[in-house]
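In this document, chain identifiers A, B, C and D correspond to the written order of the chains, with residue numbering beginning at 1 in each.
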Amino acid sequence: MSTTMSSSPELAVSEWFNTAAPLTLAALRGRPVLLHSFQLLCPGCVGQSIPQIQRIERVFAHTDLQVIGLHTVFEHHAAMTAVTLRAFLHEYRITHPVGVDRADGASDAPVTMRRFGLRGTPSSVLIGRDGSILHQLFGVEDDIAAGARIAMALSAPLPHSATIHPTTNGHGCADGLCAAPTSSKTSI
Amino acid sequence: MSTTMSSSPELAVSEWFNTAAPLTLAALRGRPVLLHSFQLLCPGCVGQSIPQIQRIERVFAHTDLQVIGLHTVFEHHAAMTAVTLRAFLHEYRITHPVGVDRADGASDAPVTMRRFGLRGTPSSVLIGRDGSILHQLFGVEDDIAAGARIAMALSAPLPHSATIHPTTNGHGCADGLCAAPTSSKTSI
Amino acid sequence: MSTTMSSSPELAVSEWFNTAAPLTLAALRGRPVLLHSFQLLCPGCVGQSIPQIQRIERVFAHTDLQVIGLHTVFEHHAAMTAVTLRAFLHEYRITHPVGVDRADGASDAPVTMRRFGLRGTPSSVLIGRDGSILHQLFGVEDDIAAGARIAMALSAPLPHSATIHPTTNGHGCADGLCAAPTSSKTSI
Amino acid sequence: MSTTMSSSPELAVSEWFNTAAPLTLAALRGRPVLLHSFQLLCPGCVGQSIPQIQRIERVFAHTDLQVIGLHTVFEHHAAMTAVTLRAFLHEYRITHPVGVDRADGASDAPVTMRRFGLRGTPSSVLIGRDGSILHQLFGVEDDIAAGARIAMALSAPLPHSATIHPTTNGHGCADGLCAAPTSSKTSI
């Protein structure tokens, strides 16, 4: 990431769960937002990032951090429909707002995923109170580093030195991570 | 379980994955069979029993143990279709034969699940070389006990004292276990 | 803890390991200090708090956080000598400075332990740049909360709401925690 | 291991804990014996093999398996005395008989360790009802394989194919394993 913070693009969501009204990042300006990109059939999401998100929710329950799930389906589209997602959220006790990233047919990757240049699932984007992207990660970070980073987002930015980089390359799922085709990065 | 071993009922499967031809327990007589009942949206299956089944496959790779997965959908039927199951098996690297337990409309629980009287997912049934049910469990057993039990099935039966009983009661998923409605037990 | 931060007492150490010169909290004023109280035969220290301290060291390696281990022996004194501690630090790859809390015969609990009012092992004390005690804990906190708290100590204090309280009461070791006799609390 | 089962050598123990009378393998003939070689400052023993031994004890509590701990100190001798061992056994809730492997000054490695040709800690030796060595391992085996092997020892031998080999080579502790100097292997 560059030292100049980039302003976050907006979400493009076709259907929301766990919220009475659609969310926009613009309307959330002023609060830190943790955006969690996942697919319900992604092993690393189910086994690692979703449990971590739920631990984060518990620790920061009394802060104004907004956690948002984003179902960014870029493969097995027929297998991960909204019907299946609804049951998944129920069974995994996911209670924070979750949006289905909008598919537009221009790419296997959905619109928000392309806007943020997400490389695959799980990914997370930490957005500051001013709407800038503080940190963006493909993979799952150490809990200590994640806690530190969010604490700083609640007050001020943390240096990026603590980032643990995922080692997965290429397309498809391996070691629990699901990498999107490269086209999803360039078709923003 | 009674001391008199009961003979295993037959499988009723509507679709098979990871096998060129349908399997029957009758045709497998002579080999020990580990039947693993799961649902793809069951947290205890994804997080605990499927990883254990995969460890079992590795340790007993050079024996004649036959592992069979059985997708016993008794809730969220529209969410766990064969299309989603196919992608699930791919993403979770499940390579042993998996059958979709046949739904007949007589109950939310499918036919094989009712025949065996399975209480929910994950469940496992260990069937001896003679076709008798050696052990049947709702939940996940300690790895040491599972290894011991299968080793004995490869030669002779083990006493049941090592069983770890699940504590979940009632219908629905809790602590990773998904309990079937009671009707599925009585509608055999 | 009260809202008025208390100033940290000083260390009383009879022998240092992993440092060329003795450390004092006074001399460390200006840097945040994480003081980790342990006993080498305490299961919760070996299994939980020491691994967490080592994860903390990795994540905050590029900051000015000072981690200090304090061997606070309050039981089995003949079993946990400096000779055994030296071998323990070697085998567990502990490289940060570790001091042996000074025993003075006035209590089973050593001097620094009494000064801080530590209830048992593992305990941790987070000391701010200004020398005040920001947080003191008997037990092990969630990694996310620990990371958040240290990040704030590197800049500003965190509310105490994220604390996970240990449930152990009384004297002796249970659930991995070793509680000191009550007298060690009152004999400060 | 050769296909010809070797008969187990006898224990040489200088001090026993958790038993009213000294044990000998000769007197235990007829029962399967699981001999667990450890050092109290060995990270892989404390973190992996001892917890596994305790799981084994629970699963096979109602069988005639005899578990015996053997404190095979081959380094840091002054740090791992009988006084420290006694406190260690207390804190880690180890209740099965534990013998201190007898040191004779002929080698850093103690006598029983040399008799069995143990390569380091943790090691385990599974001895059959007839006194033969069924399996000997430096490191920690998968729980499923361990359970299977012990179940077979309670009745009949298992093929050795399931063994998970440790990758540590050389002397000293790494990845939790502590390898003895090579001399301990040749000085039997």
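What to note about this one:
Definition applied: a contact is a pair of C-beta atoms (placed from the backbone, for glycine too) under 8 Å apart; a residue touches a chain by one contact, two chains touch by 3 or more.
All figures in this text were calculated on a predicted structure; none of them were measured in a lab.
Over half of the residue numbers at the subunit A-subunit C interface are used by both copies of the sequence. Mean C-alpha position of subunit A lies 36 Å from that of subunit C.
Centroids built from CA atoms put subunit D at 48 Å from subunit A.
Within subunit A, no positions touching two or more other chains are listed.
Here the touching chains pair up as A-B, A-C, B-D, C-D. Listing the residues of subunit A that touch subunit C in their complex gives 52, 55-56, 58-62, 142-152, 155-156, 158-159, 161-162. Put simply, subunit C touches subunit D in their complex at residues 41-43, 46-47, 76, 78-80, 83-84, 86-88, 90-92, 173, 178.
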